[in-house]
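Just so it is clear, A, B, C, D, E and F label the chains in written order, and each chain counts residues from 1 on its own.
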Amino acid sequence: MPFALFIGRFQPYHLGHLAATKWILEREERLIVGIGSAQYSHTFENPFTAGERVEMILATLEEEGLTNRCLIIPIPDIGQHALWVQVVKQYCPSFSRVYTNSPLTRRLFIESGIEVREIPLFMRDKYDATYIRKLMIEGDSWESYVPRPVAEVIKRVKGVERLREIVTRCDKYQ
Amino acid sequence: MPFALFIGRFQPYHLGHLAATKWILEREERLIVGIGSAQYSHTFENPFTAGERVEMILATLEEEGLTNRCLIIPIPDIGQHALWVQVVKQYCPSFSRVYTNSPLTRRLFIESGIEVREIPLFMRDKYDATYIRKLMIEGDSWESYVPRPVAEVIKRVKGVERLREIVTRCDKYQ
Amino acid sequence: MPFALFIGRFQPYHLGHLAATKWILEREERLIVGIGSAQYSHTFENPFTAGERVEMILATLEEEGLTNRCLIIPIPDIGQHALWVQVVKQYCPSFSRVYTNSPLTRRLFIESGIEVREIPLFMRDKYDATYIRKLMIEGDSWESYVPRPVAEVIKRVKGVERLREIVTRCDKYQ
Amino acid sequence: MPFALFIGRFQPYHLGHLAATKWILEREERLIVGIGSAQYSHTFENPFTAGERVEMILATLEEEGLTNRCLIIPIPDIGQHALWVQVVKQYCPSFSRVYTNSPLTRRLFIESGIEVREIPLFMRDKYDATYIRKLMIEGDSWESYVPRPVAEVIKRVKGVERLREIVTRCDKYQ
Amino acid sequence: MPFALFIGRFQPYHLGHLAATKWILEREERLIVGIGSAQYSHTFENPFTAGERVEMILATLEEEGLTNRCLIIPIPDIGQHALWVQVVKQYCPSFSRVYTNSPLTRRLFIESGIEVREIPLFMRDKYDATYIRKLMIEGDSWESYVPRPVAEVIKRVKGVERLREIVTRCDKYQ
Amino acid sequence: MPFALFIGRFQPYHLGHLAATKWILEREERLIVGIGSAQYSHTFENPFTAGERVEMILATLEEEGLTNRCLIIPIPDIGQHALWVQVVKQYCPSFSRVYTNSPLTRRLFIESGIEVREIPLFMRDKYDATYIRKLMIEGDSWESYVPRPVAEVIKRVKGVERLREIVTRCDKYQ
């Protein structure tokens, strides 16, 4: 039974991602959750390592009872958009179609002849990874935007402190 | 509950690997099956892509009813041994110890301060990935050395033809 | 008979580039048109692949009857300015001098002991690749800024749609 | 009018390569001569730089009056076979089919859904790049195996001396 | 006797860096001066090559009579923060602790279990590498902010001209 | 006062290397000891990290009282011979000439227009890094072939055990 692919960076995996995962699983038997930009971490765009993101997603899928239909695969970014779809195919079992709302991702898969479907946006004002990272940096409450197991992983790896230090510049002796 | 790590290239995942997986799962609650040299394929040493290897291992673990305790993670090789353990830590959830019989792998993890345990060799004369690849190339019977779902994946991707063509040299117009 | 080198990214190759090519060919017997940043595509700075840019330039030079004096060479960017001149020398037949108006390119070649000449700016208000890409994104008319064969390639590969999707952000489920 | 693709490393471009080029041009209107492993040089397998190989092929095609139907494109090797076809597509104008006798090249293009055709072997005992390089190293006569303009390039860049020094080991103080 | 590590990019090495070096040498017997982002040059952030930076620091330490207690090591940047500490350990003799004021550097070393100490900021309004580079670009006097031997190296390699050309954009024919 | 360059991999730095260093210092005021293939370690060809090799050389030069005239610089290998000389120039202060007995190194520097001088071979039967590594693996006495401080570093990092494990293959579960 082939897989569908849901691809994102999941920095972090939030409640919108979880709603999208469930919505896709109503339409597909099996799903690869592909973690893009896997080799990056400790930046504002990509604060968490691939391993930490695997842990966040796995813990959430276990709590939701979805692990037996999902496969989590970290996918490194090769830095050349024209090769990226091929890298995804290299790291993943064969998949039938891709779910994404990113215009660039859609274009790259379409140019490769792979079917792309959109995901409805669940509560789009709230569930946005960039917004959640900004809440963390500014000391606002962010826990309600992510699944409970994700919040636990973030706290265990001191993710909020890490994010704040990443964005603090001190060039004096650098 | 932390993971243990079983790391290999799994070119292909054979019955010795499966016996080792089960043996470790008698001692550990949860296991990461780390697929090394993930970016390589279509060579004699690494004929199968990471995605194909994920598929082989997943299909086998599903047949054995082991998926809920295992996590399959492809790990690219960065080409510098001194960085490799750190790459493994980057791609995997945190793990408590490593199971391997490779002297180099053991040395690299020990130099990083991570506990390493040996795996008993199950039927070592038979279950050796290099030997199985040679059987494929020479047209001998190889199916009995791998789990049934692995043989199905290899046949579906025309793995035997691929291996034979990889090792055929024709430099005339190359 | 040695070549001169005209180097650019040609995103896209526009009428200013063509005027420069002709102007150089009045002074030099033979010209290498070196396509920089060859491995990049699908970004605002570099929307077109090297292959697409080769096709644009080749079709234009054919229409102008200039192919027998020009050689088109894609040159990947190695990401380290101190090595870039050496990369250019590695990919190109030996050349006597470089034509460029880029201050950084000029400096790098001069530091390597290679002669650099400036190109007069032909209609500089109009013929600017960044400006042409912005016209494409904003839905304005851009065809009159590029040679006719370039416009045909851009339309065939759906370059305008690609550019618009590249610059549209949708981080909701990315 | 689309191109066909003839791909090789051309270390060096010999009379068998030239016969193959002509044979393909009896069947195809236009031909891309793709130079693989473009970034490598100064090794036994790849003694000449991409620029030197471009020069060899261009000088030969000019002497044969074939430049107006051929396009020479250096293509770097990304070190991952599963991505290689995509790299070729990235650097070349779109092409309809591939001519090659290399089993690995054939398999990679076929797995990507691209048509592959074989080339008859012209005087296979003589025209073999590895054999020609060995002649150079051993001080035997090699000039009759390559087109005259190729021999001139090799002499100008002191290619024979380079090859001999490459294969001489002196580890004493290395 | 183990080393301590003082790590920076030193673009350029200024009087604040020198004051920090001396302050650390009051507390440590021996010091590695690690030059980060060693492969970069000819950009606004990193105008000087690793070799030029080695020369600046060495000339200064010689004038100060500090060479016998210091070791200068260029360290390339691998582009993945999670691996960076391991790269530093790979290139340097073993060290006991790290002196830095960069929050990101501090976090990365702390996550690797290595002790980090802060450096007092000496005349922080004046001694800032970014500020000094801006002075150079704007034609203001900058020599008093760096040790005399550093100014000599910058003048010899025409560093001010280089910086100005780096930041001048001319996209017309690029 | 400009530097000369003595370049090698120094796996390990042995008494022949030391004799060569002293011989060069009779002819040159100042010497860069460039450590090539700096990013590699834990292989038979390159068992020791750059940091370990820096430590070996530094400890030896200190014992010999030569540190004030020598500069030790690790230089990563970029994997493309045509760029290697440029990488050396990027990492080192400017140097006037190169001392080497490697034919490939000599050719690469000569093709870049840099003067190369040979080093007399001191006791060539004994002082050969490959031979010394084989002695280590086979359990023979090797200490008398290297300076005393080098032997101490090798013992401290358990270099002999490392070398033996590197060359032991165990593919059973790899």
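Keep in mind that, in the parts below, contacts are C-beta pairs under 8 Å (C-beta built on N, C-alpha and C of every residue); 3 or more make two chains touch, one makes a residue touch a chain.
Predicted model, so just to flag it, every value in this text is computed and none were measured.
Shared contact partners of chain A and chain D are B, C. When the contact pairs of A-D are matched by residue number against B-F, A-C or C-F, over half are shared only with C-F. In terms of C-beta pairs in contact, A-E outnumbers the other of A-E and B-E. A separation of 26 Å divides the Cα centre of chain E from that of chain F. As a whole-number value, the distance joining the C-alpha centres of chain B and chain D reads 36 Å. Chain F has residues 39, 41, 49, 80, 82, 89-90 in contact with two or more other chains.
Contacts between chains form some other arrangement here, matching none of path, ring, star or all-to-all.
Interfaces, counted as pairs of touching chains, are A-B, A-C, A-D, A-E, B-D, B-E, B-F, C-D, C-E, C-F, D-F, E-F. Considering their complex, residues 39-43, 49, 161-162, 165-166, 168, 170-174 of chain D touch chain F. Across the interface of their complex, chain B is touched by residues 8-9, 16-17, 20, 80-82, 100-108, 119, 121, 124, 127-130 of chain D.
Interface residues of chain F, counted against chain E in their complex, comprise 38-39, 41, 49-52, 54-55, 58, 67-68, 71-74, 76, 89-94.
The touching residues of chain E, counted against chain B in their complex, run 78, 80, 82-83, 86-87, 89-90.
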